[in-house]
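Heads up, there are several structures right after this.
Heads up, the next two complexes both have chain A, just with different partners, chain B and then chain C.
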Partner chain A sequence: MEAPPCRQLGELQPEQERSSSPVVGLSLCDSAPLLWRIQDLKAVRSSGLVGALLGALPRTPRQNIRLGRPLLLLPEEERLLRERHSAAALPARNQDAVGTELQQRYEEEEQRSYEEQSILALEDRRSALLRAMTSSSGSESGVGSDEALQGRLLALGQSFTFPRSALAVQLSTARAGLSHCQEARAFLQVDWPIREQDSPRREARYQVFRDLRGRGFFLTSAGKFGGDFLVYPGDPLRFHAHFIAVCLTLDESICMLDVLCVARLGSNVKKTVLLCSPAPDGPVHYTSLQWSGMV
Partner chain B sequence: MSGASDGAEGSAEKAAPANWILQHPTYQQMQQLQVEDSEQIYTAFLVYMDLTEVRRWKEVSCVRSPELQVVLLEAREKDGAPAHTVLPLPVHRRLSHRSVRHVLDRGLPMLLCAVASDSTLVYQRMTDGLVTPDPPVGPFEDLGRRQHRKRRQQR
Partner chain C sequence: MADQNKTESANNFYNEILSPCELFAARSRSHKLPARGQKDFYPDDSEEQRQRLQQSLDEHWRLISEERVERLGNLVKGVWIPSDRIVELQSPAGKFWQTMGFSAEGKQYLLPEEALYLMECGNLLVSHQDLPLSIQDGYEMFLSADAVSLQQYQVFGHLKRLGYVVHRFDPSSEPSSYARQLNLPPSRERGGRQLKRKRSPSPTPTCSKGESPAEKMEEDDKLPESHLPTSAEPAEPQSCSSGSAGEAGARTWWMTDVPDRQADKRPSPGSPSARSRWNFSAIPFPDLGSTGRPRTVAPPDPSLLPGGVTVGVCDVASWMQKVNLREVRMSGKEEERERRGRRRDVNKDREVQRCRNWAEYHELLARRQAAREGRPAHLWSGEVTPLHDPTQPISTAELLEKISVITSTNLLEGASRLKGSEEWRICFNVYQPDSVADFKKSNPGKPYTRMCVCSFDGPVPDLRAIKQLAFQSGDVLVVFAVVDHGDISFYTFKDFQLPRDVFP
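So, the complex of A and B:
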């Protein structure tokens, strides 16, 4: 009697995990975790992770307000996804084969398109010829004109060639990945920002990120505000940030001037500064820093 | 800044400043708290003077923090107001989050007071937990596009 319920439970759990968090494919450019596929971006946003879009949109270049794919994940976001088994690195493609592979594919597609367009062009010419012949000899009908028409159509079919120069070529503006563009990939490899050398601080950042995300906040990087994270009560597209989170370990000492600096900045931009430190036994301690109002 | 009055008094006579502070009963009381840090005692005294003479806070008392080895002040803004813990520190000092948590563990709302070498004081409120900031104050006007505004002004 007891065995079946246990088995059912065991069967249920993996199904639930699978349905709640689809696995996204990370394209690792050196160590930068990038997401290229639209379904991955949607999945990640719906699970509360924001990331940062990096790419230029082909129709609106030369501006930084609206950017396109790829989405760059914060190191904390990548780690959270990996821990939940919701992310895996996409297999790296062989660099040498890719160029020729793409070229071959392009040439095959162009040939296919050429054949299709030739057929359509021939159809066009035939119908034009038909129209011309029937309109010019509209009143006349009879076997003779029909035969002449058939003859001319046959001749057209035999002699018609679709010139290559008239081929309409489709340029695809949506591409996934940088596999075709070696220089851009090399650039990303070289300029990836230096990871923090400090691993206690990095661990503290991750613990704080996980705790705040668990409480339902959305977090983005806070480079513009001198902190570690900007904490939003909901999706950043709908809300202003409430907090600037500064992550530190409990025992590291910070200069009073830095505390005053970040507190003053926070009050200028109407955000509360949060000093966040994970305790060794689990919970994260938060201290809110506010202007006292005492002039 | 509130430290200005102290500074003016101090610079008037070169010999007097150290003496009068050393003879002040509250300063002597702080010294007896067995805190080895004389710079911090002096800082605490400046904050004491600011709270009592300038801001006229009530029931200002000093107490030793065993974990931090510093002098803390306890005071109320008015009679009946909740008591605050004030942590006075020189501005070039370093501070750890753990020390802040020790002071917060006293259970009273906490004020951190940073004192500069010219006696300027700044108070920062520190609270446990996530305190949502005050929302922006209305009334709110929909500004629309700048062009519309310009056109309206031109008419």
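So, the complex of A and C:
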């Protein structure tokens, strides 16, 4: 919206700003902005954006308590990154561009990995044998057992085969490819897919998000709490949320029952409800709701 | 500065690809989740707190950055077929085959959501153009708005990780509303049980048990004659109604006519089937209490009897001994009451004699009636009359029914007439985790719930959508999985009947 896609790269932002915050690479999946690479996830977190993890955790995939990559960004987070010019949409995988060269390279890599892993496995076995022999031979006489050990080790070296099925392979999380270098990203950030952000409600949400983030709060979505955002005083890993932010435009009227509903819900989960309304070209107005405690 | 960035990014270029050494070391990796400590309430800028945060973050990144490493022998291999949007397996399937996948033409296939879930679990390696796909490739290639959306996959993965068996919902496998009206046995799902039921010896009407209120209602409305043994019917209802006819015939002497019995249950005077085939005024019934006291009863007209039955002259002498034949003797008081109760001769009434025509007589009757019962006549003269005539006896429940202007309805009422919408559709059949052990893909049985996927950004389903989905799902509960970015909440709309206390 602010930056027409045809603008020159150099005009977009001062040089030093770009180098201070690395450009984050976003991939679109079913039009949702997802982050895949760990450095991108770290960069986003260090700028105070939390997002939501969607995938199964590699270590223990069959549980929902802790999830893993990819990280889904809120529309507000995505827009904030875009306004700071610190994110770029990475191109989708080019499905037909895979040449035989790449396939060959992959096979070579796997073969190399197999050879290295078989050496490692042999080493592993040898040291285990050594450990077993030395600990058991401690009671026996030294010279004869040393010969026996050498013989055993030799036999192991000849007979050992590392089965192909035991080869450890990686199921990559992120796609490896050319689109990850800094220059390519700087170039790509110009080409931002146009996504509708036009409703007044969305605009209000974004203004509130930007303002609260600017004050150092961490925000996550709060659908389960009947609001727009959960507001944390610090990183959600270490702190509980204090507020439930409900975003309203300034001229929007709200029914008394709805006010009671969110206030009641907020007090039940020990959080304060904030009614947040951005004034046009001005500050955001915050109103907190609390039970007075009077009977 | 820029140069430094360049080298750094070059180093990072493949930094998420593990070296053979790292791969080998990853085999003895822990599978435990680190426990999360108590959270703090407020940041106080203390060094201690900062350290704890750093510790948590380090642990977080360690966990998140971990790559999947599996032994090649433990991986099932598959190939992505973009044209059909499915994954074809190239090595024998694992344990997951019991609940996932399908075979066609001797090959084993996985649906994209199943394949992606198994990739995430580290069980499956999918290749495309001879190169293995990353999880990211899987997300971007398998998921799309017109097939399986990201939100649908989020719900699918969430339920799968909890152990549920999740299958795509296929509307065509559900019995159509027409089949439900006829109470046809479902062709595929309950086939096995149907056979068992046929073999069971008791002719008890099992068909009404499985009926939902909607089906019953539909039958009442549209198919009043479906229970008549004379009309051609599908197998099940026939067996139950003929069973009841047999029962009736065995138990009573005169009432061999089932239609009468059915007509009692559903009083619909308009329909011709409710009326009897026999003219009872023309059939002489034996009068055993008459003074003549015949010793025998003549046989009934053969046309009234079912074929093949002959009934001779019946000797009733033994019955007569069991009947109380004493004459009724009334006391004087009783006789007086009897006499007063009898109608007086209206023609002797003066007021009646004053009437010149029928209209005047009717008016007089109405006036007398009103006066006797205290019913204010003016309330009944206009076009709008009270809901109930107080002179008519009625039970409390019936009266409540009569005066309730807004009647309650149930969720399925009229739902069969609603057209399916594009916006709302059921996505998944969900089966409980404890059913996994003896789960059969060919005969999965009745699902535990059906899942509809929506988002907090979208609208709340309206009554029309809820009715339509509930009808489509039959007697299985429809649950709405509402996706809010990473969070998924489950909601359901249940039919509720207000309790009503009636004191007679």
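Rule of thumb we're sticking to: the second predicted complex is superposed on the first by the 174 of 295 C-alpha atoms of A that agree within 3 Å, B and C clash if a C-alpha of one lies under 4 Å from a C-alpha of the other, contacts with A are read in each partner's own complex, and residues count from 1 in each chain.
The definition used in the following text is that a contact is a pair of C-beta atoms (placed from the backbone, for glycine too) under 8 Å apart; a residue touches a chain by one contact, two chains touch by 3 or more.
Computed from a predicted model, the values in this text were never measured in an experiment.
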> What is the contact status of A:S253 with respect to chain B (first) and chain C (second): first, second, both, or neither?
Replying inline: first
>> One more residue to check, A:S292. First (chain B), second (chain C), both or neither?
In response: first
>> Just checking: does A:E203 make contact with chain B only, chain C only, both, or neither of them? Give me first, second, both or neither.
In response: neither
> Which partner reaches more residues of chain A, chain B or chain C?
Replying inline: C
>> So in the superposed three-chain picture, is A:E83 touching just chain B, just chain C, both, or none of them (first/second/both/neither)?
In response: neither
> Which partner does A:E108 reach: the first (chain B), the second (chain C), both, or neither?
Replying inline: neither
>> Let me test your reading of the model: by the given contact rule, A:D146 touches which partner, first (chain B), second (chain C), both or neither?
In response: neither
>> Taking the superposition on A as described, I'd like to know which of chain B and chain C A:A121 touches: first, second, both or neither.
In response: second
>> Going by the contact rule set out at the top, does A:R59 touch chain B (first), chain C (second), both, or neither?
In response: second
> Overlap of the chain B and chain C footprints on chain A, residue-wise?
Replying inline: 233
>> Which stretch or stretches of chain B touch chain A in the complex?
In response: 55, 89-98, 100-101, 104, 111-112, 114, 122-134, 136
> Which bits of chain C are touching chain A when the two form their complex?
Replying inline: 1-2, 5-6, 9-10, 12-18, 20-21, 23-24, 26-27, 29-33, 39-43, 49, 52-53, 56-57, 60-61, 63-75, 82, 117, 119-122, 125, 128-132, 134-137, 139-141, 143-145, 149-151, 154, 157-158, 161-163, 456, 482, 484-487, 489
> Mind pulling up the chain A residues that touch chain B in the complex?
Replying inline: 233, 242-243, 248-257, 259-260, 263, 270-272, 274-275, 277, 285-294
> Considering the complex alone, what residue numbers of chain A touch chain C?
Replying inline: 16, 19, 22, 27-32, 34, 36-39, 41-42, 45, 51-70, 72, 74, 92-93, 95, 98, 102-103, 106, 112-113, 116-117, 120-121, 163-176, 180-183, 220-221, 223-224, 233-235, 237-240
